[in-house]
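Going in written order, the chains are labelled A, B and C, and every chain counts its residues from 1.
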Amino acid sequence: MHFDIQVIIKTIPYLTRGLLNTLLLAFVGIILSSVLALVCTPLRMSQNRFLKIVFSIYIDIFRNTPIVAQIFYLYFALPLIGIKVSAFGCGLIALVLHYNAYNIEVLRSGMETVPMGLHEAGMALGFTHIQRLRLVILPLALRISLPALVNNYVSLLKNTALVSIIGVVELTFVAQDVIADKFNYLEMYATIAVVYLVLIFGLTWFLREVESRYAIVT
Amino acid sequence: MVEMLVQNLPFLLGGAKNTFIVSVLGMVIALILGVPIGLMRLSKTPWVRSSALFYIEVWRGIPFIISLLFLYFALPEILKLFWKVEIGQFMAMLLTCVLWTSANAAEIVRGSVQAISFGQTEAGMALGMTYFQRMRLIILPQAVRIMLPPMIGLFTLLLKGTAIGFIIEFRELIRVGQITIERLIMVRRETASIEIYTIIMILYFLMCYPLTRLSAYFEKKLAKGKN
Amino acid sequence: MSTMIHFIDVHKSFGNRQVLTGIDVEIREREVVVIIGPSGSGKSTMLRCVNRLVEIDRGDVIIDGMSLRDPKTDIIKIREEVGMVFQQFNLFPHKTVLENVIMAPIYVRKMKRSEAAEMAEALLKKVGIWDQALKYPAQLSGGQQQRVAITRALAMRPKVMLFDEATSALDPEMIGEVLDVMKQLAKESMTMMVVTHEMGFAREVADRVLFIDGGVIVEEGRPADIFSNPREQRTREFLSKVL
């Protein structure tokens, strides 16, 4: 067995390109899936039967099938309904749709934890339904849900590796590409394993800091 | 088209069977490993605690796909020095499942044990029980009830996680689906990607949805029991 | 003095439970009406009917000329004129004291932030908690939180203030500071509907006392009359238990 550091050093530029895409997917994915969840959760909880059913089906499908299957499915299905996106776009959409489903459930539970009294206070002060959601309920639900959301965000970062299967040039894809040429399995997989660990620790640390500042313990 | 799908269904179900088998096997072994590691994580002895922490952080932190690729491709390189071992697809798959799942199971065990009030441990100590007696008779029986919903959830995640096995050509559901698609293209000049992947999604859904509901059911029962 | 709140034959039930039956009351401008009665008698529900936190089944409530039952009435307009103080304070935990107070004036009355802040400062100073303005509710005592809650409601310049057992969740030593604020409000001629167990407050400040039991107004009158010479048997029983 040999471990050739030289090869790793030579591929750093390519690895960096992959790393940047991984980070891009992770951050944009986290932000989009969170914003989307903030919009969808009130809809999910509305009295409208149609909305409730649509969201139930969407959430059940995305939580009970593998991300891999969802990525492939969207890759083949999106062009059929006229949506032309790059592999990166497709991977991002898959990640966002998947984690939005999880975020909605988390946020919904957070919303249900907000005491009824705060709804009443908002109503008594004359806020409209949307104002109540925007100014009181959702900010509080977000803070209550923060620990569970953090778990989802870390999971999203880890699963960016999966979009390599449709050819997105992120970290895992780069590793496999280099291996296809140089067969240095050990060097490449060990290296990106370490990189992923560093990324996970970094993100977890950062999010725990945010959590300690903003999370509300009920 | 329907006739084509029906013809290939047994093959696809075979893939689902492999998915299920490797997941169940992986889960069982992972539980056997995960409980002691989870308890080690709570140990007062620093090196015991740190080793458990290291194990958990590494096998939870590294994405499943990376662990799988590493164990299937890179590990043999290292092992070649000592033994002439080949790690087959099933073994690599199983090994990855066990490592990943046991690390997560350990965390669930840790959380569940910590959720039990210290008073229970104190009562056991006052009655003169040893650590192992306390664990066996008081703590773990209670922890099992708390662990049940997240463990079912973990198994469901594992079932879904095995999907990436196609990348080392392990014959789980996705790989089997891809083979079917390629066959259909070669033999009948038909590209049936969407149809096959729809069936794959449905099969996964049928495997996972009952488990998700089961976990939710136990969660409700647990909440009621507390009140 | 015109009628500020008019309950007309108000009925309300929750499922099978009839909570309010045939409530007819007129509350005039600048009147302080104290509502007493046993738990579950419908007192809180009666308050919540005024700003439609609870929807009535039958009858109507007319607030400053606006009818609750009229489909053309904008409930927001009513809520702008009706301030409410809750037993559990219900301050927004993620906002500072100052932000709690200026939120509604800004978003509901469409005031400019600087205007609202000025007004809030004056109100908070009057109530004596201006020095806590930048703190979060969790950092304040119960009495302080409730005073902030009162200020929050007053910041909307309401015509009516509703108090739902405002001191029931407070430790005894803090009840006084909140009652003082309420007494001051009464002195300044605010129209008030107060549900409370604090009989001393009722005697001192109320223009009228309503005794409610089983969802019905059993007796009403001046505090002196109700407390010294209750006419109804039920009133006498209740008062003997609490006084």
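The definition used in the following text is that a contact is a pair of C-beta atoms (placed from the backbone, for glycine too) under 8 Å apart; a residue touches a chain by one contact, two chains touch by 3 or more.
Worth saying up front: this structure is predicted, and the values here are computed from it rather than measured.
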Overall pattern in which the protein chains touch one another (line/ring/star/complete/other): line
Most distant chain from chain B by Cα centroid: C
Central subunit by CA centre of mass proxy: A
Gap in Å, rounded to a whole number, between the CA centres of chain B and chain A: 21
Centroid distance [mean C-alpha coordinates] between chain C and chain A, Å: 46
Intercentroid distance (Cα basis), chain C paired with chain B, Å: 56
Two or more partner chains touched - positions in chain B: none
Sequence positions of chain C contacting 2 or more other chains: none
Of all residues in chain A, those that touch chain B in their complex: 1, 60-61, 63-70, 72-73, 76-77, 80, 158-159, 161-162, 164-165, 172, 175-176, 179, 185-186, 189-190, 192-193, 196-197, 200-201
Chain C partner contacts - residues on chain A that touch it in the complex: 115, 117-118, 120-121, 123-128, 131, 135-136, 139-140, 143, 216
Sites on chain B touched by chain A in the complex: 57-58, 61-67, 69-70, 73-74, 77-78, 80-81, 156, 159-161, 163-164, 166-167, 174, 193-194, 197-198, 200-201, 204-205, 208-209, 212
Parts of chain C lying in touch with chain A, wherever the complex brings them together: 51-53, 76, 79-80, 82-84, 86, 88, 90-94, 103-104, 107-108, 152-153, 156
